[in-house]
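Naming follows writing order (A, B, C, D, E and F), and every chain is counted from residue 1.
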């Protein structure tokens, strides 16, 4: 079983969600994050004091997937989230030892 | 060393915390997340415009554990978090290469 | 490829960011978390009702790194984040199967 | 009477006072709204806001008439006398040379009626059906508040020939409504909380106020509005209004400081919720007394309320009722402190001769005050019980457990108080509830769309 | 005229009413600000706030004179007559025995001018250049509002000898500004929204109000301030003010309840945004009518607005214009309901004989009301179109797509509305924009620092 | 004097003005509270709120008497004359035909005393012990404000026979308190900030305002309340009040626009914090001048303040003191601008003959203004220094470094400003601080519970 984590633009989340749902992914977990990287932050000024805010709002998507589907899901996410501009984000995949669905205690691929 | 990640109902967090503490887990990290899955979201209406909000508030719990304790901790979390209704959430386990306690620079199982 | 996750004091984030940038890390993702561990929480009182708040604000930093750089990055984070008091936090490292830069579809070390 | 006799200065003061008192109900909505968890802030505010709608309408239809129409045995005014405001145009009330239009008085008292009802809602936070609140507010206004206001505020010969029994027979002092409003609402809150039952998790789960700046905003606006409430009750711009103004300032100051001292001693820290609560407790306590005591007496009354109220809050844990936002502890207890304290602190030179115990007046006035206070309390408790039970066994008082866990904002109002997130949590469907269906716009239905690419463009 | 003839009571009432009306513009800023997404709350508020600055200055320079100076054919006042407030000192206006200083009237009307302009901003949320708004507000005040106010508010012989055509020739009733303010702003909002174009994602992306407590705060303060708007328009503390006060209460109550009923029936839930919107709709509708109808008539007018406005909201989806915060649906529609309803509900005994259709007065007054309403609507629409196009093809009306996605708070104002995070998101540089550069302080420049250890100490 | 001579219109205006001025202190609490980081918003508000409690009580005990009692050599009033409000009942003050109850004047001035003290707190954000603030506020009110108010506001023969030296000997104009309030508080803020030391991380760590809607709410309510402050200082509803009203409008408008222009030119963007700050700067500057200049003069004064204040803000970086919320830059600088500008812009026809430099009056009045301004500044600075040092070396001024890092809300008040999270962060113990210990309720003690299952049920 794999865990796919994607950091994407916050405004693109809806697109990714729809794309994943269409591909057949039935669940995902999203949280808020701030990224610092190539994409330039912005400047704020309060009473003449200038702050450079390097951290930019991002959405963090986590999807559990079976081994065979993982690659395709990464593909779907990348396709949906790509706008071509700096800041589009990253996707990474890691291997899990175990997944459990709390409600039913199912484990492994059944739990996804 | 293992990392156990659990997505649970936000209101059940206290129960899980107590259960883990009683089992002997001394630390955990919690953050806010929103899940989209089988559990139905809700509808909001603003001035006659209807929005279907699919994402539901969840709490995300991360626990570091030694290899031997990991299975039992998953068990404890599942027992504490199970209500039997859709939306109870997921738990997954992954293997870590390294853990460091920042304060003391201890590494490995000692750092947990 | 490795994923380094660090839970640090929220006020130390700027220091860690600067240290990482100086070491040559070009990107990171930060989110908010709450930790429960050895560090004592605080007490709040509302109209005579006392609440013990065990969860303490933490910043969660994630850094993608190539295998060779990972150890050194852990070192940099620990050095920057260490104050010597309880609550300094944890760092852990896991191995990734894949990393993709969404914008360019680069994969592997190139994507970091 | 002719328009020439109208005193414009007095009228100006009552007009603005009426607006000040009206502002107190939104203020109450913020005060209460900030104290609940963020999942029920809107419902909490809506109970106050919808009350403004309901009671205003009732008031002009027949409520004013029930309160100030000619009395039926001192118990209730003739509901038809001023029904629909008939007979109120071009009429003046008040002492010679200081008359104001009757309609201005109607407006001023309307604001009192509104807030009396809204106060009760603090007890039922997080768990009452909104429809049940609407029914409750309507019935309670008609059956409890309008009569009680008649007892206390309707003086013989002011609006109608004969007025209420507490004002005219018992002759208890209640300048601005300690009995008819605060004791009344506090007693109702107690009974309603008992019938309704506790919030899920009461006593075990943390229920922190979600926004203390909102609480403080409410307290600040309440204090501001209360100058209209108390000093406006002089019904003219005169020395009595000035005295009420000062007393409203210093009693509140005294109560706030006393509450903070109690907290410091008992809990270790003076809190902002304590300061806000102390402000309200002081305002409540000085309400009945503001024209009958000196500023020093007002400080004493405020301090008493600032000590008694925080101590009383633990009653709810002791007796196991869940008066969520402490309407009992603040309004019932504060109202009793203020109403009874008049019997102690009333100064003869201010009251036309009647002095309280500490000013050599004996126990007589204290007795009158006690009769007034307990009569209202008993009546309110009893009728509220009947109303609450009637609703409970018909449409039901309480939302389902699931709804309470989800939060009443979403389940009762289909809304979310706040959305600060930069992550645009998406939705499958954004749809107009159409009204003019001639040429239906097609809602974007993502379930039937076929390609992510297309969607991406649309939702950009 | 000497100072002795001044009526202090009437003056006091208009002074405080002026302050109440002024408060309405910040209130509007909160009402509007809470409704947008959190990334543009500051810009939304700033459009109202900066309007307070611009219009105040224009008003004393020549705006008051354009509105109340001696009339040029009933169309506009002489802009020089009171330019820079000359000739307004030591002058009184009003009927004998009830005179108030002209300067007080200037202040009262200033607050009207401000809010009329600010109202328009609701249509352009999230996407208008701040500089374009400043230009628009200036031009619109001068070319549209000042003349329209002259038409409606300048009665012959009150301030200057000759006044505006609607007030004096058409004799449409508009007590407090249903035409000059609400219909006027609503028509302008419609046109400006059309020229400006839709928000990105309109109709497909969720755009939830980000802070409904702020919306409710705005609505509460608006209601409070509106007593000055309506009852203050009596320009004295008298029975007329009392009637306007009561009508302002009950029409609003009626509209709020009606709106909630519409929502309950149509959408399934009564919402807090609906209550807040209903409050404003009711206030708008009763504005022109508050002195010419009975309280029962006011309830009816309120209820009409509370039904018509929520139904009208779907027009924007139907016709595809993006009036973001529904200025058209609330102010144009509400203003029309109120202005025309006078032709139905006007009561002869209150208007000096002129009765509406339902009170046996025939269609005549209804016709007059319609002329007034549509004249203002047409004029406002047309001139707004010219102004909007002029700006569009010179400095441009709209921010770039990137800026709109990022949010106008950051791109137009370099600010962020809220920062509740405990995580001190860091920044490389915190730098003072220096002004007095004698001995420059060295900003901490982390890019040149050499060791994390050193930094750690500094940023501790 | 008899009650018959009281002018109800003037009384009504001063009564409502007093309430307006009182509202300014909660407004200040929001203005300041929104500007700090979210971890100290409650403490910031509490400094203002507790000041309302302390100063109100001091005022009726002896403060009013120190300010308005019979003068001891022009320096301070007799503290016993009106101690505990004795001798103030049934007394009227003011010119014949326009008298108001003395108690109303007491209340009006009470609100001035409160806000003067509260203003200082902006300098000490995030780091002052709450207990130290309480002691400071008390001492500063008694030793600095009450005398300074006497100097400036106590005119011979108004309340007592002999008044203060600046009002009667120097004859500096200060209509509503530019010297006694703003220069006074600003000078104190400077000294207190110096003694207290900088916030941790000042100049290196970002300290963004956490809630700009709260700042704007504060600014809006301040503007509203300030009409009472300035126009109310006419102590009657008359043409002078009207002039002050208009000047309070347009000077503020001018300052806001000027501040935004400075920002646009210097920083690149006009900000909402700039608009809010400009509003306050304009209000401060016009305070002393509002009755002595024309509206055009007021615009000029406002614009001057709107330029001088933002430029002055960089002084704190230059000189390295940490006046956290810029009390110096706004109130001291704004107060000086306004007070001195009277010497330039005073118009003879408004002042009874005394004209400023630009109106042909020469340097004389400018000199008088300067004496008034610098006398208050020097006295305030000196005595504040003594008070601050006394507190520093006894109970201590500052919280510990750990507490400052954690945030003073939690450490000083055991509270958290906001809790918007849906995640019910749990706690081991929710415990009632019991008061009535007869039959102790057992707090749920999770540490002794034995099974997750049981707990799950309880905390459901």
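Definition applied: a contact is a pair of C-beta atoms (placed from the backbone, for glycine too) under 8 Å apart; a residue touches a chain by one contact, two chains touch by 3 or more.
All values reported here derive from a predicted model rather than from experimental measurement.
Q: Give me the set of chains touching chain E intersected with the set touching chain F.
A: Touching chain E and chain F alike, sorted by label: A, B, C, D.
Q: If each hop has to land on a touching chain, what is the smallest number of hops from chain A to chain F?
A: Contact-graph shortest path, chain A to chain F, evaluates to 1.
Q: Count the C-beta pairs in contact for B-E and for A-D, then report the pair with the higher count.
A: Answer to which pair has more contacts is A-D.
Q: From the C-alpha centre of chain A to that of chain E, how far is it in Å?
A: The computed centroid separation for chain A versus chain E comes out at 43 Å.
Q: Report the inter-chain centroid distance for chain D and chain F in whole angstrom, where each centroid is the mean of the CA atoms.
A: Between these chains, centre-to-centre, one finds 30 Å.
Q: I'd like the Å distance between the centres of chain C and chain E, where a centre is the mean of that chain's Cα atoms.
A: Comparing mean C-alpha positions, chain E is 48 Å from chain C.
Q: Where in chain D do residues touch two or more of the other chains?
A: In chain D, the residues touching two or more other chains are 7-10, 12-13, 16, 205-206, 208-209, 211, 217, 237, 266-269, 271, 273, 310, 313-314, 317, 414-416, 418, 420-422, 424-428, 430, 432-433, 435, 459.
Q: Give me the residue numbers in chain C that touch at least two other chains, ranges are fine.
A: In chain C, the residues touching two or more other chains are 11, 14, 17, 30-32, 34, 44-46, 48-51, 53-55, 94-95.
Q: Chains as vertices, touching pairs as edges: which of line, ring, star, complete or other describes this one?
A: complete
Q: Which residues of chain F touch chain E once you look at their complex with the stated criterion?
A: 7-10, 12-13, 16, 20, 37-39, 98, 200-201, 203-206, 208-213, 216-217, 219-221, 223-224, 227-228, 231, 236-239, 241-243, 245-246, 249-250, 252-254, 256-257, 260, 266-273, 275-276, 279, 294-296, 299, 310-311, 313-315, 317-318, 349-350, 418, 420
Q: Could you please specify the touching residues of chain C with respect to chain D in the complex?
A: 44-51, 53
Q: Could you pull out which chain D residues touch chain C in their complex?
A: Against chain C, the touching part of chain D is residues 206, 208-209, 263, 266-269, 271, 273-274, 277, 310, 313-314, 317, 326.
Q: Could you pull out which chain D residues touch chain A in their complex?
A: Touching chain A: residues 421-428, 446, 449-453, 455-456, 459 of chain D.
Q: Within the complex, which stretch of chain B touches chain A?
A: Touch residues, chain B against chain A: 2, 6-8, 31-38, 54-55, 58, 60, 70, 74, 77-78, 81-95.
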